[in-house]
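Following this line, the structures themselves.
Next come two complexes, and both contain subunit A; in the first it sits with subunit B, in the second with subunit C.
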Partner chain A sequence: MLSEAISGLTQVFQPLPLALMLLGVAIGFVVGILPGLGGAVTLALMLPFTFDMQPVEAFAFLLGMWVVTSTTGDITSVLFGVPGEATSAATVLDGHPMTKRGEGGRALGAVLFSSALGAVFGALVLALAIPVIRPVVLAFAPPEFFALTMLGLTFVVALSGKHLLKGFIMAAFGLLVALVGLDPQEGTQRYTFEQLYLWDGIGIVPLVVGLFGGAEVLQLMLSKRSIARAEPGATPEASLSGVGQGIRDVLHHWPLVIRSSAIGTGVGIVPGLGGSVAQFMAYGAAQQSSKTPEMFGKGAVEGVIASGAVNNAKDSGSLIPTIGFGIPGGAGSAVLLSAFLIVGLNPGEEMLTTSLDVTFSMIWVTVLANFIAVAAAFFVLKPLTKLTFISGPLLVPFLLLLLALGAYTASNSFADVLVMIVAAIVGVICIRYDWPRVPFLLAVVLGALAERYLFLSYSLFEWDWLTRPIVLAIAAVMVLAIVGPIVRRARARSRVRTAEQKSDVSA
Partner chain B sequence: MNTAMPYRRSLRSLIALGVGAGVLSGCSSDSEPAASGGGDCASLEGETITIVVPYEPGGGYDSYTRLVAPYLEEEIGATIAVQNQPGAGGLLALNSLRAEDADGTKLAIMNGVGAGGSSIAGAEGADFALDDFTYIGRVASDPSLLVTSAAGEYQTFDDILAADEFRWGSTGPGAEDYVTSSLISAVFDIPGEVVTGFPGSGETELAVVQGSIDGMSGNLTSRRGAVEDGTQTPVLVVGEESPDWLSDDVPTVAELDTTEEQAELLDAHLALIELGRPFIGPPGMDEAATSCLRTAMAAAMENPELVQESEEQERELAFLPGDELEGLVQDLMDAPPAYSELLATLY
Partner chain C sequence: MAVPEQHESRRPSTGAVADVVLGLFMVAVFGWAFLEAADWSFKAALFPRIVTGLGFTVALLQVVQSLLRLARGRRAAADPTPATSPAGPIGPVPGAAPAEAVPQAAGTTSEDDVNEDDVEYVFQTAGARRWTEAVAWVTAFFVLLYVAGLFVTAPLFSFLYLRFAGRRTWVFCAIYAVVVGVVLYAAFELALGIPVPPGLFLD
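Presenting the complex of A and B:
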């Protein structure tokens, strides 16, 4: 296996694959920064150019582009509060408040560096998974997927902040929105109001762009100031000097990076869950384990680190079923599957034996492309950070254009722009009255999946699926995830109480 | 994979990429209109023709359209823009195509079984009749292949016929996998059920390999990898012809012993499958534009470069001219009522 790993690396380091990878990175860089236009769509548009390429060249180009989009998507999230990708929404929650505080540089340093580390982790898991890839994929069936969606939903508790009730209400609201569309079993219409657009449900991309990006831009419009508050000492230079601090933050919180990357890789393997869920699971887990959970949402660097690492680790995860069985783990890897056929490779056994070197070249590309993109990003941070010091009214028209394009390009439908605007209004109301948006979004994404996999599990196994070992294991993790914080909170409270009693006594 | 790389060839693709990136970023590259067939293309020369793909980018319909578009562009001397407009299982784009200008600048690729079947079944959401549209030509035929788990107890179609309870997997009503497997079950009276709700054919395949369902129906070419990988067993071709890569032991529907009644239903369904993936235009399209597009497509589909490219990508082309497609549509409109009644239960 080692010789294939080295062979894969040397093949990537040929002039042409390297040049193609750089080109891919450049395209992915721009696509990532622009909201809406996602990695999967861009991959599809670039497919025809790979017709003449050799396998390693094609994957250097396509993978180089794809893995970079989620890295640079975080830049837009941090600076403008507009998620550059649907998978970069969690970065907005803490990255943007940091920018407002004039700590944009630190946030960017943290998110980019942890992205790079996340990519390395994901690649490592992918490489280590190669000998067991097929049994691993075969162990996951609809019951396991359902258990994972439920595990995701338990994070609603962590992500609700102080107001558990508000969080549950928002989650319930999200589950209602998830009902819109054709039901997954029978194709029965639910809340479609005779609109064909609603058959497919409410789109996730316009929802994310509106709920997070639109809301920030509306606020910026109303405040008439620049994004970074004009506090004394908050200058582009001062903000940038934080980049190094951000990198040190990542190194300081290394267990968080590993845990978030593990969540990303794990969720990435599951078809259908994907990055829009993984980011919030990692974010929720970070909040749960933090010593200062109350800082989350107000500019906690841990939140930024978690959302950076998870994004890039998930890409490698979603490659696992694609390489092992030709079954894509998400929209992006579905397009990559076409690329396999174009270059004449059969995903499956062949990728793990005769074409193992190609598989390794793919792993190398995910790591190299991310490092190149992160290095390049550090060079453009300065001009980008300066943008946040431009006054709001000047910046807003440009951001509005980005938002509208972002919503529209997802499926070339004006109805998506409407959804984005409505989501933006809901987002502003949520911010104004302190209702958490994340439980809502999480429930929209997971609700639809949970329903699908629950009924599918029952159709396939009746109730026997409840006793499958992985399902039981995930259920145990769920119990820990719910009980853990309650116990910790109770213990903290009793500690405060004893401390108070002691101070009463001494007084 | 350790052979010397053909640099010149790859370099060309690199250059093509650069040019392509330029086009994407908005620099319009004025291509010289090539000599076009007949004189009918005057109204389309230099125009932009949009071909709508009613699905997300990256899938089969998208790939086929993007594969053929450049060659069609060359023949007509127009610019072709491929636009993805997913929604309502492809019906959204076809419904809106009905109201478009019929001057030849707006076309779409249709899913014969999915969209065409919905229309015959009178399903909700399909606001068009099959004979509404103007047919330009078929890009590919869309035969299905029934497969079973290689580790399971059903290894031939006869095994399935003898089954006490056979479980199919599918995404849901109206989808090709649901329609074909239900129809075969109904025609041959196979006991069992169709488990619905899989998010895509990938997950259905996974369930077949895992053995939690017995089999599925799916696009013939897309099954090739799994069949050659040995994880899925091919049992029946639901189409007119069996491809070279498939063993001769795998029968086509026509080779099965059937009663007259069964044959009638199967023939009607084969006509629907034969409709395949055609390029279509709005109703009553301008005559000059129609003849231009038909001639241009016929020429483009014979272009050896296109043929070679499609072979390399394992995307088989199966051109059928527009007037023959019209004949097929007429056959479908005249199909026995039993067929549309059966379809009505499946969409």
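Presenting the complex of A and C:
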């Protein structure tokens, strides 16, 4: 394994992968600061450009970009109180008060340095997880993998959404969308409406771009104001000194960094929990263990450290099930999974044995990209943060063009643009009426895999595979994941009711 | 996150009606897809039947649930005493609890600025006029892209949008349009050679 680790590193240090990684870092840097674009959408937009690349080059580019977005998203959270990424919201709670107090530099030093350490921690766990999950993956047959894809979907539905039924409907809808095209066994046309374009199925790139990016652009058009409204005193010129103090704070609070990174990695591994939950879990844990919990929310450096570390550790955590089992945990890793398939890498056995060096190169990229981004952040901070003040309408034509081009270049067909528009409509309806989008996307990505595993299971074992012990165990976990929330909700409701009855009586 | 929920709990019917309509739509989609799969061979139809069958059932459940919620909401509206029903159907759910509970415990300082930027909030509060405007601009963009191609659409749309929706000066819009056009042309046509939407007349 050590030789693969070294081979992975040397492959990253070739001129082309290195240059592509730097390019990726640069793009991720800007995207992280621009609140209008998220990591997942940008990944999808960049996918078509990786079609001709070798695996290591493609992942140097894509991962370099993706892992950096959550780092630089923290910068605007600290300086302006506007999270550049949804996963940087917890950084606002303490980072922004610190800036108002004139300690912006210290907060930035702390959040950036702890981000880098979190990334290293996550990458280390990812590397150490490989020898652990390899025997598990090798012991699994198609039935177990089918059960796992279903488990991944169930987790995403049960953990990420408020409404179980809506989540399952969206997951089933996603699987239905994945079915469009020629069926892999016999070439039957399924749901193709006699359209040649649909024979190949619906592309993941236009789908992600529309589903997530479309809604973002429409939001900018509707709200019509600059992304960040500057609060008085929160100008980019606010004191940026004290960076060294921030770094020393991080070193001083090293147990906090490790605990927050562990929370991030752990949450990242479970499909469906995602970054928004992880950041507040780490934040809450930091507050509980702090000697001065009353300072949290008013500019406690511990809060900043915790939310910095958790974000980057979570990305590596979510790579573990993606690489090991082909089950992504969120929108970003779902796009990465389709990138695996594009460059011809099969998650699971292959990425843990014959392509292990590629897997290790991905781990190295995660670490390197973060350090480069953090180092660069300290130098180019001031000019870049002004991006946040660009007014919304100014970005709209640019972003619309980006969406159209991103969708079109996926297969050079205007039909891709139409798919993107339909996906955008679905995305907007989902947000407006509170239907979850991530189960839908994940189901589209996993649909083809799930059908293949189901079919293999059936041809190997007929229906006997349903009684295999691991399949049964996974099914039990699925039932728990569904029933657990329902039971807890019912209990919470009855508690509310008894509380109300009590208050009625006392009144 | 908190604002849309409060908003909804005051008027539970809007969300519930949408849930019924969208649920019925999904029932129709899954039902159609299930019937469509009837003619296929066993191998081709196995997974589709499972997926659409389950989808149909769950969507039907969702419709029934939201109809019940709608009825309960009506009853609650007719009955002025504080009923438990608005809190019931859209109350906090354990899955989301950690994310919501902690910031509340951490203080309310962040809530204002986070909520105002929430995409849910913007979608819910933007009036009909803004929606019409935005959708009209987007439609115009894609129609123009289809008819005239990228290299005409990019500068033209940028110019018109910034001038009339963004209310920028003529000079500013002209410079923006020229820069967008030149950059796109240089990047895609000259440097990368990647095909872009050509429009109807150049195809």
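Definition applied: the second predicted complex is superposed on the first by the 275 of 507 C-alpha atoms of A that agree within 3 Å, B and C clash if a C-alpha of one lies under 4 Å from a C-alpha of the other, contacts with A are read in each partner's own complex, and residues count from 1 in each chain.
Keep this in mind: a contact is a pair of C-beta atoms (placed from the backbone, for glycine too) under 8 Å apart; a residue touches a chain by one contact, two chains touch by 3 or more.
These numbers were taken from a predicted model, which means no experiment stands behind them.
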{"item": "Partner chain(s) touched by A:344 [first = subunit B, second = subunit C, both, neither]", "value": "first"}
{"item": "Contacts of A:47 with subunit B and subunit C, given as first, second, both or neither", "value": "first"}
{"item": "Contacts of A:165 with subunit B and subunit C, given as first, second, both or neither", "value": "second"}
{"item": "Touching partner for A:428 - first (subunit B), second (subunit C), both, neither", "value": "second"}
{"item": "Which of subunit B and subunit C A:490 touches, first, second, both or neither", "value": "neither"}
{"item": "Touched partner set for A:412, first subunit B, second subunit C, both or neither", "value": "both"}
{"item": "Which superposed partner A:455 touches (first subunit B, second subunit C, both, neither)", "value": "both"}
{"item": "First (subunit B), second (subunit C), both or neither touched by A:334", "value": "first"}
{"item": "Touched partner set for A:472, first subunit B, second subunit C, both or neither", "value": "neither"}
{"item": "Intersection of the subunit A residues that touch subunit B with those that touch subunit C", "value": "48, 185-186, 412, 455"}
{"item": "Residue numbers on subunit A that touch subunit C, as the complex places them", "value": "35, 48, 81-83, 89-90, 92-93, 97, 158-163, 165-166, 168-169, 172-173, 175-176, 179, 183, 185-186, 188, 190-191, 215-216, 218-219, 221-224, 276-277, 280-281, 283-284, 287, 296-298, 303, 391, 393-394, 396-398, 400-401, 404-405, 408-409, 412, 414, 417, 421, 428-429, 431-435, 450-451, 454-455, 458, 484-485, 488-489, 492-493, 496-497, 500"}
{"item": "Subunit A residues within the subunit B interface of the complex", "value": "7, 11, 14, 16, 19-20, 23, 27, 40-41, 43-45, 47-57, 61, 137-138, 141-142, 182, 184-187, 189, 196-197, 199-200, 271-272, 321, 325-328, 331, 334-335, 338, 341-342, 344, 346-350, 355, 357-358, 411-413, 452, 455-456, 459-461"}
{"item": "Partner subunit A, residues of subunit C touching it in the complex", "value": "4, 8, 15, 18-19, 22-23, 26, 29-30, 33, 36-37, 40-41, 43-44, 46-48, 50-52, 54-55, 58-59, 61-62, 65, 82, 84, 87-88, 90-96, 98-99, 101-103, 105-107, 109-110, 113-114, 117, 119-120, 122-124, 126, 130-131, 133-134, 137-138, 141-142, 145-146, 150, 153-154, 157-158, 161-162, 165-166, 168, 176, 180, 184, 188, 194-197"}
{"item": "Touching residues (chain side subunit B, partner subunit A) in the complex", "value": "1-2, 5-7, 9-14, 16-18, 20-21, 24, 56-59, 62-63, 66-67, 70, 83-89, 91-92, 95, 124-125, 172-174, 195-200, 202-203, 205-207, 209-210, 212-213, 225-226, 228-231, 309, 312-315"}
